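Labels run A, B, C and D following the written order; every chain starts at residue 1.
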Amino acid sequence: MPYLPMPLPLPYEESKGFWAGCKRHELLIERCMDCHVYRHPPIPVCPECQSWNKEWVKVSGNGKVEGFTIVTRALFPGLPVPYNVVRVELEEQKGLLIIGNVIDCSPEEISVGMPVKVTFEDITPDRTLYYFKKAE
Amino acid sequence: MPYLSGLPLPEPHVDYEEFWRGCKNNRLVIQRCDDCGWYRHHPRPLCPKCRSWNARWTEVSGKGTVWSYTIITHPINPAVKDQTPYNLVEIELVEQEGLRMISNLIDCKNEEIYTGMPVKVVFEEISPEITLPRFKKTSFQKNFL
Amino acid sequence: MATIKDRYAIAGIGHTEYSRNSGRSELHLALEAIMGAIKDAGLDFKNIDGIVGDHPSRVDVMTIGNALGLQKFGFFIETEFAGGGVPSGLLHAIAGIEAGWATHVVCYKSLNGSSKNSVPAFEFVVQPHELGFTRPFGLLDPVAYAALAARRHMHQYGTTSRQFGAIALACRKHANRNPNAIMHGEPMTIDDHQQSSLIADPLRQLDCYVEADGAAACVVTSAERARDLKQEPVYIMAASQACGPSLSCGTMDPTVTENETRLLARNLFSMAGLTPTDIDVLQVYDDFTPLVLMALEDLGFCEKGEGGGFVEGGNLEWPDGELPLNTGGGNLSEGCIEGFNHIIEAVKQLRGVSTAQVRDAEVVLVCGATGVPTIGLILRR
Amino acid sequence: MDSIKDKTAIVGVGWTRYGSIKKPLPESQYTLACQAIMAAIEDAGLAPKDVDGVMRFNFDSNDPVRLAHSLGINLKFFGKSMYGGGGGCACVAQAAAAVYAGMADYVVAFRAISESQEVALGHFASQFAQLGGIPGSMGWIMPFGLMSPAQGAAITASTHFSRYGTTSQHMGNIAVAQRKHANQNPNAFFYDHPMTMEDYMNSPMIAEPLRLFDCCQESDGACAVIVTSEERARDLKQPPVYIMAAAQGGLWYPNSMNLLDKIADLEKDESWHLAQALYEMAGIGPRDVEVAEIYDHFTIHVLCTLESFGFCKKGEGGPFTEGGRLEWPDGELPLNPSGGNLSEAYIHGMNHVVDGVRQLRGTAPAQVKDADIVLCTSGNAVPTSGVILRR
């Protein structure tokens, strides 16, 4: 079951690897092979050292909520409110942010700084989305 | 059966609704400056000649000549797949030099079309909301001007 | 407030291969071309402090800035009107440097126009309602607009399809000297042109541009700075845009004397202090041959209505023609990079490294598309 | 480096009446654009044919062809800014640059907006259905229900709240101050609708912690300004308002996540970068600014922008809003005296520039006494822009 009845992302050249990783229930983040700095969303060239050499690295999926909102007014037909949107800072690198939802968690429980862990949901036979869960 | 089908139709819009309402009533109405008398198509807020805001939707004769034309032979656009060849004409209305609109000629073989050909408007209902102005050949003899 | 004449220069150029299928994303292509241009200029990425993006915006300028690791966030804008607007990137770059926001600005264009391997466009803007006066009648593609204009020109001035073909022929000949041209190695005769299939009468397939995948980029800086860089500067003598009330009902009038390109010519030549006879090489946006013919008239290379005669007899062909046109092959035969390929070729001519090098070429005119708001440049070495 | 400081001036301003999606104006976006531009031309004492350049917003469908058609003019410079509300002052800036570079003599910068007519409901949904999913970089955010700038701003607010102790009351101070200003401005949409802190607190939650009154309106209307060289400006009808500085600012983002509020760095956000560029070009500091025309899509971003422009320290934006400091006529830094996007109308910040000019002419509805220097900014949290004006 998806957390929200939203259309799925259309993978594009740079994002294909990421979504393929999700399919295998792996959170892959692009990293420069020369200076080892992570970047998300993926882009062909390293913003730190302009190297073209990059690799997908499986990260722990651990992080903490850096900011969040509880949406109470739906902008898309059929969206159940309230729902949460979180911006998570992954533990691998300061400022490595990713957007997601925290599932199995009431709006009152969510706070900035809350530790979370990635989880995966197979939406269709071909497509998997990542979410976060409250971690201890 | 309309001349072309499945194409995007005009969407309702305050600046243009009088034109399409006219077509629905089988009248070709063109925006005309109330101060200097200049016709303008497509419609726009100000008269580009005298910058007057005053304009009136004026029924025109619907007579004109083919200013230019093309026969679309290759369906580059998927919307017209299986509908080629079709003609596309630019009509200059008799009311004013340079007063031109895009349309199609119906009941006319593509080979018959020529630049300068006299034509007259006819209306083709496409949907309950939209009627399109198309053109038919006519002759200069019948009190054309 | 001095005029910009000769105070700005193109210091570096870069481009990818032009192909039917690049196999890379448009972002990837753009970065290759841009990094190539920066290297060509002998600059470091850190020197770049302004970016001018392309239209339609396939590759976001912010993504480019981030990838290049730019430090200073001085200046960014994107062009518009596709082929009419691509060279306007240089004009905006000049304005940005003149205003004091940037010192070295990169301009780029990237597209997978042939393979269509693009991130799908998402429209935030409602389509202009004026399209209701054209689309229901099947006026859907640029080729149809060009066909209407061409037919009228033929009617009014006796222009012929073979004359349109002469333009295609010149571009193809030039492409056959340019290994990066998509149509390299595919010679063409006027009979080939006449026998190619009708697309929108009177336009034939060989009157139309060749779709391509590829990217091109350049670095613009002040003439002063450019002189200290790796390459011989290519100076920008004039840059101007033009848009007037003559575009009518979404169509164009090939007969009026006050159209966009005519206005553009007036602006350009007066800024540069030149006349058409001073132009050694011409790079005119060539999506459809009739529009090139009309642009030649409107730019003042011949009288209105005499374009047909002017393009005949190899007049546009390297090496012997009087006015070599699109010496890289242009959109018609090199591949359509929406006019940025014309800028690259102009710079190559002025550096003396074109594959169809015009002897002693000193002044090149680059002209954007006719029939839309347009832009032109006059460059010199 | 040579710059445009004081080299250009705004010589004409024009605006229309304002409506909203709940009380729409009958005019189209096209008509509104022509109305505002013609008003600005008249205000400047010019004729339409004098105008030879236009700068518009990227979301504005009034392209130069439309304007040339309707106004009957020839243009030799035109362009559009980028990133929606971040590009308003960039329109003015590019106009000034074009004038300074000699590319055009009189350039109009404008925004016409008709949210009642042009923003089709379900527009997104139908496009996604057509495409079969969410395209490009929007795929990183929209599947998670993050699809409006308000929601992005709410995430930023939560971070600001948690890091600095900012409260809803602080954001409310901004909304209430601006509403008071709108009550002075007969053309403001909320002219005769006073609002108390209690009203603010009772307004419905949109995306926690953002309430309805933290958000800009959805408006109909248009604003236009005319930029020319300082030499030409001296001979025209109105006292010139000089452009002391104009700049763009922001961060190079990893991707065009247009709907994601991108403030990952609260310390040095877009407005911080902009402030450095503007103050450097103008040769002034925050203490010299007498009127703050701060782009207000959301109150939280006004607060962030005030911090970034150095009116207070980072993190102290909350307390800075207290004690009527931002309120005309007695506050030390009158904020958006026209009512701004929140309470005058959402003309994408071009109304801020118009009010800035009127302040310096001494003809504003809530006139700040002896105003000499005005700061106008565009949207924070996207690549942004700003101008500093003086009389």
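Simple rule for what comes next: a contact is a pair of C-beta atoms (placed from the backbone, for glycine too) under 8 Å apart; a residue touches a chain by one contact, two chains touch by 3 or more.
It should be emphasised that the depicted structure is a prediction, and the values quoted were computed from it without experimental measurement.
Colleague: Name the chain whose C-alpha centroid is farthest from the C-alpha centroid of subunit A.
Modeller: That would be chain B.
Colleague: Just curious, how far off is subunit C from subunit B if you go by their C-alpha centres, in Å?
Modeller: A distance of 33 Å separates the two centres.
Colleague: Provide the C-alpha centroid distance between subunit A and subunit B, rounded to the nearest whole angstrom.
Modeller: For subunit A versus subunit B, the centre distance works out to 53 Å.
Colleague: Distance-wise, how many Å sit between the C-alpha centres of subunit A and subunit C, to the nearest whole number?
Modeller: So the centre of subunit A lies 41 Å away from the centre of subunit C.
Colleague: Going by the contact rule already set, what residues in subunit D reach two or more other chains?
Modeller: Expected reply: 68-69, 72, 131, 135-138, 252, 254-255.
Colleague: Residues touching two or more other chains, restricted to subunit C: which are they?
Modeller: Residues 63, 66, 68, 119-120, 245 of subunit C each touch two or more of the other chains.
Colleague: At which residue positions does subunit A touch at least two other chains?
Modeller: Residue numbers touching two or more other chains: 10, 12, 43, 47.
Colleague: Please give all chain pairs that are in touch with each other.
Modeller: A-C, A-D, B-C, B-D, C-D
Colleague: List the residues on subunit B that touch subunit C in their complex, please.
Modeller: Residues 4, 7-11, 13, 15-16, 20, 41-42, 48, 67-74, 76-77, 79-80, 83, 86, 88, 90, 98, 100-104, 115-116, 126, 130, 132, 134.
Colleague: Sort out for me which residues of subunit D touch subunit B in the complex.
Modeller: Listed in rising order, the residues of subunit D that touch subunit B are 26-28, 30-31, 34-35, 38, 48, 66, 68-72, 117.
Colleague: Which positions of subunit C touch subunit D when the two form their complex?
Modeller: Listed in rising order, the residues of subunit C that touch subunit D are 1-4, 53, 60-63, 65-66, 68, 70, 73-80, 88, 91-92, 94-96, 98-101, 103, 119-126, 128, 239-245, 247, 263, 267, 372-373.
Colleague: Taking the touch rule as given, give the residues of subunit A at its contact with subunit D in the complex, in rising order.
Modeller: Contacts found on subunit A: 3-4, 6-12, 15, 39-41, 43, 47, 66-73, 75-77, 79, 82-83, 85-87, 95, 97-101, 107, 111-113, 129.
Colleague: Show which residues of subunit C lie in contact with subunit B when the two form their complex.
Modeller: Within the complex, subunit C contacts subunit B at residues 129-141, 143-144, 147-152, 155, 197-203, 205, 245, 248-251, 253.
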